[in-house]
Amino acid sequence: MNSMVVLPLVLPLFGAFLLPIIMRASVGVGLWVGPAILLYGCWILGNQWISGTAMPFSLAIGGFAPPMGINLYVDSLALLFALAVQLLGLIFWPFKLDPETARRQALMLLLVAASTGLALSGDLFNLYVFYELVAVATFGLISASSTGSAYAATIRYLILSGIGSVLTLLGIALIYSQTGTLNLAHLAQLAPEQLNNKLGLTAFLSILIGVGVKAELFPVNTWVPEVYATAASRVSAFLAGLVSKLALLIILRLLVLIFHQQEAIQVMLFLGILGVVSGELAAWRAKDMRRMLAFSSIGQLGMIFIALSIPDQAGLLAVLALSFHHLLVKSGLFMLADGWGGAIENLRGAAKRSPLAAIVFILFSLSLIGMPPLPGFWAKFTLITELAAQTSPLYLIGLAVFLLATVIEAAYLFRLAALLYRPVSEEKPIDTIPKPAGVSLVSASLFGVGLLAAALFITPVGELLNHVAGQAANAELYIDTVLAGTGGGR
Amino acid sequence: MAPLELIIELVLMPLVAFIVGLMMVLMMRRIAAKLQRRVGPPFFQPLYDIVKLHGKRTQVSHGMIHDIGIVMAMGGYIAAETLLPVPGMNGIAEKGGIITLLYLMMIPSLGLALGVGQCANPNGSIGIARALTAMLAYDIPLVIVVFGVAYAAGTTNLVEIIATQQAGGFETWGAVQMPLLAIAGLIAMHASLGKQPFEIYIAPAEIATGPMVEMGGKYLGGLFVMQSFQLYTTSVLYVSLFLGGGTTWFDFLLKSFLVLAIPVSIAYLFPRYRTEDLLRLMWKWPVMLGLIGIAFVM
Amino acid sequence: MTLTLLDELLLFSGVTVLVALFLGRRLPAGWMVTILYGIQLLSLLKMAPLGYGGDPIPSTLILEVMGQTLSWRFDALSWYFALITLGSALLSSWYACGEWEQRFRQAGGNVWLFHLAMALNVFSMLILLASGDLLSLFIGWELVSWAGFLLMAMAGGVATRAAMRYITYAMVGAMAIFGGIALVYVSAGSLQYDAILTAVSQMGTPHLWMLVILFSAGFGIKMGLMPFHLWQAPAYAETPGPGSAFLGAISSRMGLFAILLVLVKLFGIVNIESLKIPFTLIDARDLLAWIAVFTIIFPTFTAMKQNDARELLAWHGIGQGGYMLLGLVVADAMGAAGGLLHVFNHATYQAALFMAVTAVIHRTGTSDLNKLGGLVVRMPLSFMVLLVGIIGLAGLPPMNGFVSKWLVYRSLLNEGMPLLFVAAVIGTLGTILSVYKLIHNIFLGQLRVEHEHIKEAPWSMMIPMLILAAIIFITGLLPGIPLAWVASVQEAVGLSVPNYTLGGVESASGSLDMIWVIGVLFAGFGIGALVFYSAGKSKRVHQLDNYAGGHFLTADIRYQYSDNFYAGLMHLIGGWYRGSFLWLEKSVKSLVEFLSLGMQGIYRRANAEFYLLSTALFVIAWVVI
Amino acid sequence: MSSIKQIPVIEEKRTNPLARVFDELVRFCRSRSLFLLHYCTGCGAIELPPAMTSRFDMERLGIQPMVSPRQADILLITGYVSIKTLKRVILTYEQMGSPKYVIGICSCTVNGGMYWQSYATAKKLDEYMPVDLYIAGCMPRPEAVIEGLQQLMQRIKTGEAKGWEDYYRNYDYYLGNQQKLFGNDWQTPTDVITEAKHYDLLGEGTLGEHTALLEQHQQPLEALEMRLGHQVKEPAE
């Protein structure tokens, strides 16, 4: 049963290679392949979730037990992410029919496969490999929109990402040279003696900066606004919503398991604060809804980095809450931006044209700002109580910055909301006002419903996340699970 | 206190105030005449004026508020007199205290302001605007002074304030204990009378007597009544705050007339200030004196 | 599970929201909502024992969220504020639901949204007032903020801009409170009031300072305390008429409620007084008192310069908040009673004033003080209501505003605070000046030709106004009625209670008995009237029969003095209006703009990647070496 | 005065002795308290300051200057009255509250004086308003002014100074002369006719051909009565 977990990783991968061939044979069949695979993946992971979230388990691949062989580590956190990947893949599935369909869908499947792998992998090198795969898939997806600016943005992203990869690889190499292993559990065992030094710190920072490219870490996130503004909204949503979180997952694992140096945490906190400041401030003047969302995304990721700098259970709870909240909200917002991209000024009176979209937008904005009954509030509440509990003044600065950033966030989001409701000028016919496409609106509304559901069932959701965070924060458990319980799980 | 006695007091106090007020008006006009080497009006002149004005055959009303304004202007002072203790009569002074009295003294001005407002005459409106400005000017030193006295006495009850002053004879008078406040109070009182050099809101040659421009007959008569009340209230209030009130009617009236004589004598020697000069003067010297005075008290 | 009275109330309030939401597009929606407010008020009155020292009434609803317990209950404090809230909601809604609503609809307004926003406001305020711990307080707080935003923004155009400004300020406040709550949570380990009470007694000075600053700034923004007052006047003034009556009456008092609850009840004035400001003679309480006093003076004098009736009133709303805070921070029996009583009094007269002004707008279409005049002959009842209202606002006898201000003055006298006293009186004087301008420019003076044939406001609007005027007078005559409620509020938050009577306050150092004062005042008016009306008859003349230095007046001549009403005063103080706070606000805004530009620059540079990556490497090198 | 219908002065002798004493008192007070509005039309004005100030001191007689016509009892015309000025003089006169008295100072008010042949000057003031007292001279000395005022006081005390009633009761005559001078569309803001009705001062000569002419073109001058809109009358067309 447990070994079934491999399927959501492997099937999309095969699917990605086979899809162009199937499509050539029969478009009708081909169109159903991807969704079917993803649905199946959801079903498997869902089953897994229901049947056994109590204890994590490790799955050795290729017959060698860790630390020698490679393994998948499945705890509730990994499962949650894997499930989210499949679900989002389904929601953002590129249905559009044109000559590029096969390529786009194949890339999407590849992205899903790589992301699932990223979530589940228990091995630093594998993490790196999947991470690169994600990068490749996203390059393809972004440039698939085939506009000039999309290419330019992709190139920029490509270069930055490439350098990031190099840095990551450098960090991994440093770790390997020091310890001789790349298995996370094994590294966790060795870390206190071998990596608790400057070399280890350097390695971590290299990886942090490298992975940070995707996690939108300041200052290596300069690609974000351009890419999000030019890529298809669904891709942006996927990137902002999920891929950034997966990159975070890597850093989270490293922090919990291997690196406990104070400097590492401080750098992250510092960069997180800068991310919040730069992102939110830049969003204040954004003249384009997608760009605004992109900057806001940078700010939100900054907040998550601030939360990450408290690597205990409560801190991780904040990280998870913020991450999943951001995932829901930002994906939804990007779906709305599908029709509302372009200059903000054009959106004047858009609420008249599409009232539902406007209401969903306001719902998302309120949650993003942290309006109490909505989940965003609880996410922020967990974060600030944690920050206030820390003794170092840098955390208090983080707290202050966080609060101020929220104010700015409210200002620019509601400036847009007010614009949506402003009366339309006389000479402009109402049909010319942009409006989100039907499918996007439906998916955005789905996210909205999800958000409301989370608000309604905040107590179980909170408990769940707390449980997940508890498991994730427990380095002992990780080591024990992987190294003791080898083979096919318990 | 027996209710009948109280009612008699409540009737007598305004009546006395009116009669004394008429004499104060006379004194004021006589002083003016003496300073200008004139003979001045006969003894009953203030009464003649009031009777004549009320006896006019045709009177111009600009509406109901015009009428009510005059009623309020008279009535407010009539009520205020009952809060102002005189020798042997306390009225309801203990039920209001000095803050209430000060606020009650604004009611006539408000009534007048409303009445003048309905006359639809810009001279009147300008006059009221200036009168309120003047109030803003002189009330600031006035409340400083009132605060100082009330704080020093530990009460806002005028009866007790007078009693503490009378307790030790001349030495315990407010003017002796708090000379700076007394001086500031005198200046503020002068301004509150609206006499030269502070008569910015009458300004006959400029805005045609301001609030009074559309007032004739009983309307003007009401204002004459109000003026006599005003002179009485102001001087008696000053006497109560600083000169130990009165033990007998004789020294009470003597003090009241003397106190009033000071600003009145000064008044007829000066021309008029401009509004902003009045403000500047009031907000500078009496306020400064008053604050220093309070610093001594505290 | 039986529902408590509080559950009932909240349920009715929720039903009101639902009715407004789903049935609000039907024609008699306004009446339905009004009746529902009435039911809510009745349900509140069933809790009347709270106003006379009864035990708090809990709600059966208790939530456990993320390890926090959320509970709701009503005590005397909540009851007192809820009474004001529901009273003003009922009357404003009543005022709105007749002819005003039709006109509003014709003018393109969204009546449905209006009623919904009102209902939401009331609901969220009740939630806030019922809060049983700091977290539910914050939740209620945010709900109130956003509900208020909805009501302010709904008119569109200028209103939306004002509302945007409001929400930015409100967010700053909310975040300050949020931060404060986090700090409290860390030191108390819980957000329950009991836990906080014990934690406060062990807090160090810096910690307490931080909390006092955060909370008073956060709550103060809602009250429009200096220097966070700029948002309020435009936001309230631009709200649709009855909405501004409601907001002006109660909305910003939520800030006061929270200050009472957190700063007075939880922290305690004694603790706040123990926070000395180094190198000065003052402490945190004095600081708050001075803020209150500046909040009285500056907005009042700003009000004096307004040329729009609603702006003028809204600015006064800010100023009057200062009296309430002043009384509260003086915190002796009389001062606190005065501050609290002023909440009630202010709600009554401010609602009446906004309604009267809205009635004028309803008939004439303008609230520009330079385009009105002489309306007393056409709208005498509205004039009367406005008159009663301004006497209350200016704090003169015989209306209720006098009593509360008197109490505040008395407490300042008792405590020996001359400068605060004088400053408070300056505020009152400024108020008198500016309210006279209001009534003069609207109702007195020359009637314009175009207004010759207008009518008095319709009865649907008139009756709520008259009810309010009656309340203003009656509570001025018998201040003992609200003082009883105030006394139980004071007990509930742990303040001493003055010795009140039906007619006022008894005190060894000077009492007040409004029954007597008003009695002699009206007796005086009676005598005055006797003298006046027995003196020969007068004749009403046309307004053009007027002294003009011999000039012949005609109807086309505007013979009204309204613009720059206090010209002489402005000669002196006109130059003192520097707009410093506007400047401050603008400079903060442009600072943010500037930083924003810089940040965008970072993200826009063409080759920023290499540059930033090398910076990143530099960071690594710095950390490592 | 020839064309004025001579109306016997109705003696207000009331039967109640108390009322008579009261009337007596009021008349006495009227005579001892005179507020002066001096309309400085010409050279005569220069003689008034000495009459008021320390040399002659009007105030000892209870006379003091006032500013607006509403407050005043005496209208003092101090010199020649040009036609343009006369309009204002009449306006001012009508705005004063009765009982009111007109004193014409200088010869110009009596018969035009040195302006007797001017086309732009009203020659006889009493054609346009009832003049209670003339003080002739060019100009009269302050002594003469004081003397005249004293005579007026005497006449007020005895109840002889009733020019103001004459204006109401013979309004048609005065209006006719005014119309002759100013044209047929002449109108003042004060509605003398309704005022006469209101105060019960209507005489035989109040209404006539000239007032009929006035009513043809008169702008509405009813006071703006306070009212609630629900009883509103349709505006008269």
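Here are a few things to note about the model shown:
When the chains are written out, they are named A, B, C and D in that same order, and each has its own residue count from 1.
In the analysis below, a residue touches a chain if its C-beta (ideal position, glycine included) is under 8 Å from a C-beta of that chain, and two chains touch if they have at least 3 such contacts.
Keep in mind that what you see is a predicted model, and the values were worked out from it rather than measured.
Chains B-C form the pair joined by the most contacting C-beta pairs. Rounded to whole angstrom, the centroid-to-centroid distance between chain C and chain D, based on C-alpha atoms, equals 56 Å. Inter-chain centre distance (chain B to chain C, centres taken as mean C-alpha positions): 35 Å. Rounded to whole angstrom units, the spacing between the C-alpha centres of chain A and chain B is 78. Shared interface positions of chain B, defined as residues touching 2 or more other chains, are 55-60, 63-64, 123, 208, 213-214, 217. Under the contact definition stated at the top, the residues of chain D that touch 2 or more other chains are 68-70, 95, 195, 199, 223-224, 226. Working note: touching chain pairs come out as A-C, B-C, B-D, C-D.
Within the complex formed with chain C, the chain A residues making contact are 156, 159-160, 163, 167, 198, 201-202, 205-206, 209, 219-225, 263, 267, 277-279, 281-282, 284-286, 295, 366, 369-373, 377-378, 380-382, 384-385, 387-389, 399-400, 403-404, 406-408, 410-411, 414-415, 418, 421-423, 458-459, 462, 466. Against chain D, in their complex, chain C makes its touches with residues 374, 376-381, 447, 452-456, 537, 539-547, 550-553, 555.
By the touch rule above, chain C contacts chain A in their complex via residues 63-67, 135, 138-139, 142-143, 146, 149, 153, 156-157, 160-161, 163-164, 167-168, 171-172, 175-176, 178-179, 182-183, 185-186, 592-593, 595-600, 602-605, 608-609, 612-613, 615-617, 619-620, 623-625.
By the touch criterion stated above, chain C contacts chain B in their complex at residues 373-374, 376-377, 380, 383, 387, 391, 395-397, 402, 406, 409-410, 413, 416, 418, 421-422, 425-426, 429-430, 432-433, 436-437, 439-440, 443-447, 504, 508-513, 516-517, 520-529, 531-533, 535-541, 543, 545-549, 559-562, 565-569, 571-573.
Those residues of chain B lying in contact with chain D across their complex are 29, 33, 36-42, 44-45, 47-49, 51-53, 55-60, 63-64, 123, 204-205, 208-209, 212-217, 220.
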